[in-house]
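Each of the next two complexes has chain A plus one more chain, namely chain B in the first and chain C in the second.
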Partner chain A sequence: MSQNDFLHLMPLLILTFAALLIMLVIAAWRNHKLIYVITAVSFVAAFLSLFELRGVVSYAIEPLLVIDGFALFYIGLILATALLISMLSYAYFEQQKEQKEEYYILLTLATLGACVLVVSTHFASLFLGLEVLSVSLYALVSYLRVRERSDEAGIKYLILAAFSSAFLLFGMALVYFSTGTMTFAGIATAMATLPELPLLLLTGFGMMIIGIGFKLSVVPFHMWTPDVYEGAPAPVTAFVATVSKGGVLGLLIRFFMEVEGFRYPTLMLIFTIVAIASMFAGNLLALMQQNVKRILAYSSISHLGYLLVAFLAGNRIGMEAVTFYLVAYFITTVGAFGTVALLSGEARDAEQLEDYRGLLWRRPWTATVFTAMLLSLAGIPLTAGFVGKFYVLAAGVNTQQWLLVVMLVLNSVIGLYYYIKIIAVMYQQPDTEREPQQRQRPSVYVASVGTLAVLAILLVLVGVYPTALVQLIQDMLYNMPAVVAR
Partner chain B sequence: MILVWLIVILMVGGLLAWLSKKWHPVLPRWIALFAVLADLGLALYLWLRTPAATLGASPWLVRLEVPWIPQWGVNFILALDGLSLLMLLLSFFLGTLAVLISWREIRTKSGFFHFNLLWVLAGITGVFLTMDLFLFYFFWEVMLIPMYFLIGVWGHANRNYAAYKFFIFTQASGLLMLLAILGLYFIHGSQTGIYTFNYFELLDTALAPVAARLLMFGFLAAFLVKLPVVPFHSWLPDAHSEAPTAGSVILAGLLLKTGAYGLLRFVLPLFPTAAVEFAPWAMLLGVIGIIYGAILAFSQTDLKRLVAYTSVSHMGFIILGVFAFNEWALQGIVMQMIAHGLSTGALFIIAGFLYERLHTRDIQLMGGFWSKAPKMGVIALIFVMASLGLPGLGNFIAEFLTLVGSWQANNWLTVFATIGLVMATVYSLRIMQKVFFEPAPMEQALPDLTSREMLIATPMVLMILWLGLYPQPVLDTARPSIKQQLQAYQPASLEEKSLVAVPIAPPAVQVQLGDTVHFYKTRGGTHEPK
Partner chain C sequence: MELTFYIAAAVAILSTVMVITRYNMIHALLYLVVSFLAVAVVFFTLGAPFMAALEVIIYAGAIVVLIIFVIMMLNMTQEDVQREKEWLQPATWVGPAILSAVLLAELVYIVVAADTPAAGAVVAVDAKFVGLALFGPYILGVQLSGILLTAGIVGAYHLGRQKKKVIHRFLQERSAAA
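Coming up: the complex of A and B.
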């Protein structure tokens, strides 16, 4: 590896060293605040190092990785989200009795795995990234062991993730068997000569879709989602819902763009069915829930369905829409779970609908932020979610996928019901008076309240003036040859 | 710039009202009152500044255009013509009253209440002003959330159900309109290479008949639900009767009018051929609405619900008139929008006064109030008469013009619509009979109107009288923009429209905007639909 290679891999290297450093520091001196500061600083440093790489068109580190505009954007998104989640985590874990320092090692490693996913151009790096992400998540999901549902969630995630990884591996093996290569570019070349997919290759792709679909929690690979969301600590849930899915989605876009998967009607059909099923299953099942975390879990399933609508457009506007929607979804989801984390106590998370009764009267600002997040999930104007949904619809109408578009509209309406349900509960007249302000240490206060404030401002900013973000995304995709060709 | 102020004053006023609750509990009310009054002043100034005579050249009084999301061709376009101006005057007038009637009624969370009230008004103002379809949809949705809260937080007993229903109905129909907007956007883009949501440019889109029909139904979905037209009306009685008085006034007086406004502004000029095809069915729906609304209004016992069903009946006239495609009918509609806003608003206010005193809306429990509260009785009598279309009051002019216009388009349906007027007399007189004249079923104290309440009622009486006796200024203000909406329906151009785009906007409007950057065009047109 040349010096240049190291320079281009700086964000990943910073994360790696951060994980090692935290481990060593813990060995010497356990201090929650110190560890948290190290984590946050390293996320910021990794994020800043991206600016050093600005303008990189496409820098390949053969044969495993590539750094290009697309990768930089997604890494930036992942790092920013991870930073916000780590801040939420600090406030959240401060009140827990568990050993909390190791959490940050796992968080850093999981983020590293997600970053590797979006830069990989080879099955080996793909799998490595995915496993680094998954293995960290196994532990993160069941981090608060004393809690009732924690083990259930952890074991469920472990078994199913391992199972889906096996599918993914088998699929890769089949693809390798048919094409003789494991690089994305090589697969693309091998497939370019084929008019349609041979059965073996199709089987390989199908098995890979199972592995990927599990991570994205789309129907019919979604069974784990509500249980894991419910059992995991709120910040970890936010992480599973955003960073882990975002990384996999970035990978999916890169792979499909490279091998031109949109040419094959069979693959498109599979994704269409998955998208429609995800939208319906997510929204309909969410209607029945009384647990806020489960509602958000099902809602995230349906949101992945919406994302796939834009993904299926398969052209540049579609990829722009996916990316934009992802940003909006990240802001909103972290904000929503952030609120849950903020309201949670030591014994359990604030997840029952009852915990939110009259929240507007008890904690007006928190309730307002949570309302904004829910409205954004529902796609109401002045929020990022609206512009995202608009973008997705535009992509769908542009490629005249009327079935998907109409399903999306129908589902938005179904979805409204359960978002409003939470809002209505928050706005009910309370029995109790306004809660006395809890005395919190300034650092905790800044970490939790500050993060939510930042997210709320971002939410409105992107919702009202999306121009800058749209421009950024368009420039990013403009540098990606595989996308421009379409 | 003045147009931006209209919206900004309301939005900032709303935020201030919310925050100011901390310092003093009365402060939100005063801030809200001043914000709406400031807007009313601005709108009046705009009206008085432009005498009707100068309106002839171009219907547009003020225009503002700023790029907003240039990559998508979204501009922040606000434009004011006679129609918008009248609607704004109505909005701010009713807005002022809405603040005043809430003065005593709303006791909890008054800061948040006034925030919502002002933001609904801001959304409505935006809807009446914007000439960019993206922005239109944006404001269309901005109206909903605060209205949802107004019903859901301060409403009567069954408020949650009503708020859900209102929200889901309007949101679902709005999304269909969004699809139609996007369809129009991409069709226009693929024809001209310019991807834009600019209303003035989209007017020139030539549409294939099938596409025009589908897109029109998308728009109609939103407007017919909002108006509402009969099969889609079921949200209205619930929302109106459960909302607090100010909410009912704004719902009946303004939100319904946005549907009518949308029909006039968008459906008529954008889809002339499709609209002509659909016209008999639309008029039929209108007549069904008139009669159905009247029958149901007659059989209600809940006063607010009764008034809500009279709205369904009155809105039938609007759709009847819109699809008559002539100036008589459209003038009638504009009058109807204003007069109905005032008369129904006033009836809801009276229902609110009664509710405040009696804590019931059931007219079975009322009676004999004429002698107890003569002032209230007189005011109620005036608006009940307005509602049944007594000459000398605004509604008469409106209904007369509409019926004259629709007679030219469809004789039989007009006959049935006129029967609806007779039924209006029946249900209107029933209100007076039950509440004021019949012997009281029980003894209860009923204080007469206070001076604050008289301050609210008197301007409404004056307005409705003025509209009935001297409607000419309103008609003059509305005429140029009505002519413009109807331009596509002139006999000469009607046949060509489906094949060749007829420039609808007059020359003054066609100053096109070279400075807008169209991303899709400059980067090689890779976004053409397949």
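Coming up: the complex of A and C.
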């Protein structure tokens, strides 16, 4: 590796060193605050190092990785989200009796795995990145083991993730068998001459879609989502819903752009069915839930369905829409789970609808932020979610995918119901004056409250003035050769 | 050489099926060792003698022995074998097995129907070549594997440290009802 390679990998190297540093510091002196500060600083440092790389057109570290504008944008998105989640984690874990310091090592490593996913151009780096992400998440999901549901969630995630990895590997083997290469570019070259997919290659792609679909939790690979979301600590749930899915989606876009998967009708048909099924299953199942975390889990399934609508457009507007929607979805989801984390106590998370009754009267600001997040998830104007959904619709209409567009509109209406249900509960007058919750020292809460405030401001800012973000995304896609060609 | 491959592959599949269907854990693990050895032979016939040696040393040697030690410490009795037997009723596995068999048949058809490129002469990949590849172009992959192991160890440390016994809620309900 040359010095230039190190320079271009700086964000990933900073994360690696942060994980090692935290481990050494824990060995010397266990202190939650210190570890938390180290984690936050290293996320900020890694994020700032991206500006050093601004303007890199495409820098390949053969054969495994490539750094380009697309990768930089997605790494930036992942790092910013991870930073916000770590800020929310501090107050949440401060009240736990569990040893908290290892959480930050695992969080850093999981973020690193997601970053590797979006820069990989080779099956080997793809799989290693995915496994670093998954293995860290196994432990993170069941981190608070004294809780009732954590073991169940951890085991479910472990078994299903390992199973889906096996599918992914089998798929990779079949693709390698029929193309003779594991680099994305090599597969693209091998496929360029084929008018339609040979059966063996199609089987390989099908198995890879199972592995990827599990990580994205799209129907029919969504069974684990509500249980894992419910059992995991709220900040970890936010991480699973955002960073882990964003990394895999970035990888999917890169792979499909590279091999021009959009010109094969069979693959498109698979994704169309998956998208429609995800939208309907997510929204309809969410209607019956009484548990806020489960509602948000089903809502995330349907949001992935919306994202696939834009993904299926397969052109530049489609990719812009996916990326924009992803940013809006990240802001909103972290905000929503952040509120859940803020309200949670030591024994359990604030996950029952009952916990939110009359929240507006008890904690008006928190309730306002949560309302804004839910409205954004529903896609109400003036929020980021609305602009995102509008962008997705535009991409769908642009490529005349009327079926998908109609389904999206229909589902947005269904979705409105359960978001409004939570909001209605928050605005109800509480029947009895409840004992005010035991508050912690205000200094502990500063980070959480500040993060939620930042998220709320971002939400409105992106919703009212999306031009800046759109410009940024367009610049970033200009730097991706595969996209410019279309 | 081709015949060796097919025999070894058949042994690998048969022994893996035996691993799943045994009621006694130790018997299952012994079949697992056989399965690993058979896979090692498959690697060898495909021209990867170094991988074959690693398979024997690491999987059959280190990992399975470790698992066997753990199981011996758990002190399994005849009762556990009986319980295993009760859990593995034909009613549980016939349905999934039939569906999987259909999928397997499809997969076999796809592989057979595909016009596979003629296999070239087997080229032996020795330790030196593997080393050069791992510490040449794939050095980042090796480092990522290191990170993967770090994540695994930190996670295992945290989860294994706990003393409190947590029971699954379904089991809890059942034991409360009994």
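By our rule, the second predicted complex is superposed on the first by the 474 of 486 C-alpha atoms of A that agree within 3 Å, B and C clash if a C-alpha of one lies under 4 Å from a C-alpha of the other, contacts with A are read in each partner's own complex, and residues count from 1 in each chain.
Going forward, contacts are C-beta pairs under 8 Å (C-beta built on N, C-alpha and C of every residue); 3 or more make two chains touch, one makes a residue touch a chain.
From a predicted model like this one, the values you see are computed outputs, not experimental measurements.
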item	value
Which superposed partner A:427 touches (first chain B, second chain C, both, neither)	first
Touching partner for A:382 - first (chain B), second (chain C), both, neither	first
Partner chain(s) touched by A:109 [first = chain B, second = chain C, both, neither]	second
Chain B versus chain C as contact partner of A:189, first or second or both or neither	neither
Touched partner set for A:148, first chain B, second chain C, both or neither	second
Which of chain B and chain C A:317 touches, first, second, both or neither	first
Residues of chain A at both interfaces, chain B in one complex, chain C in the other	none
For the chain A and chain B complex, residues of the former touching the latter	315-317, 360-361, 375, 380-382, 386, 390, 393-394, 397-400, 405-406, 409, 412-413, 416-417, 420, 424, 427, 429, 465-467, 470-471, 474, 478, 484, 486
Of chain C, residues touching chain A in the complex	107, 110-111, 113-114, 116-117, 137-141, 144-145, 147-148, 150-152, 154-159, 161-162, 164, 166, 168-169
Residues of chain A touching chain C in the complex	1, 16, 19, 23, 61-65, 99, 102, 105-106, 109-110, 112-113, 116, 124-125, 128-129, 131-132, 135-136, 138-140, 142-143, 145-146, 148-152, 154, 177-178, 180, 198-200, 203
In the complex with chain A, residue positions of chain B that touch it	68-72, 108-109, 112, 134, 137-139, 141-142, 144-145, 148-149, 152-153, 160, 163-164, 167-168, 171-172, 175-176, 178-179, 182-183, 185-186, 519, 523, 526-527, 529-530
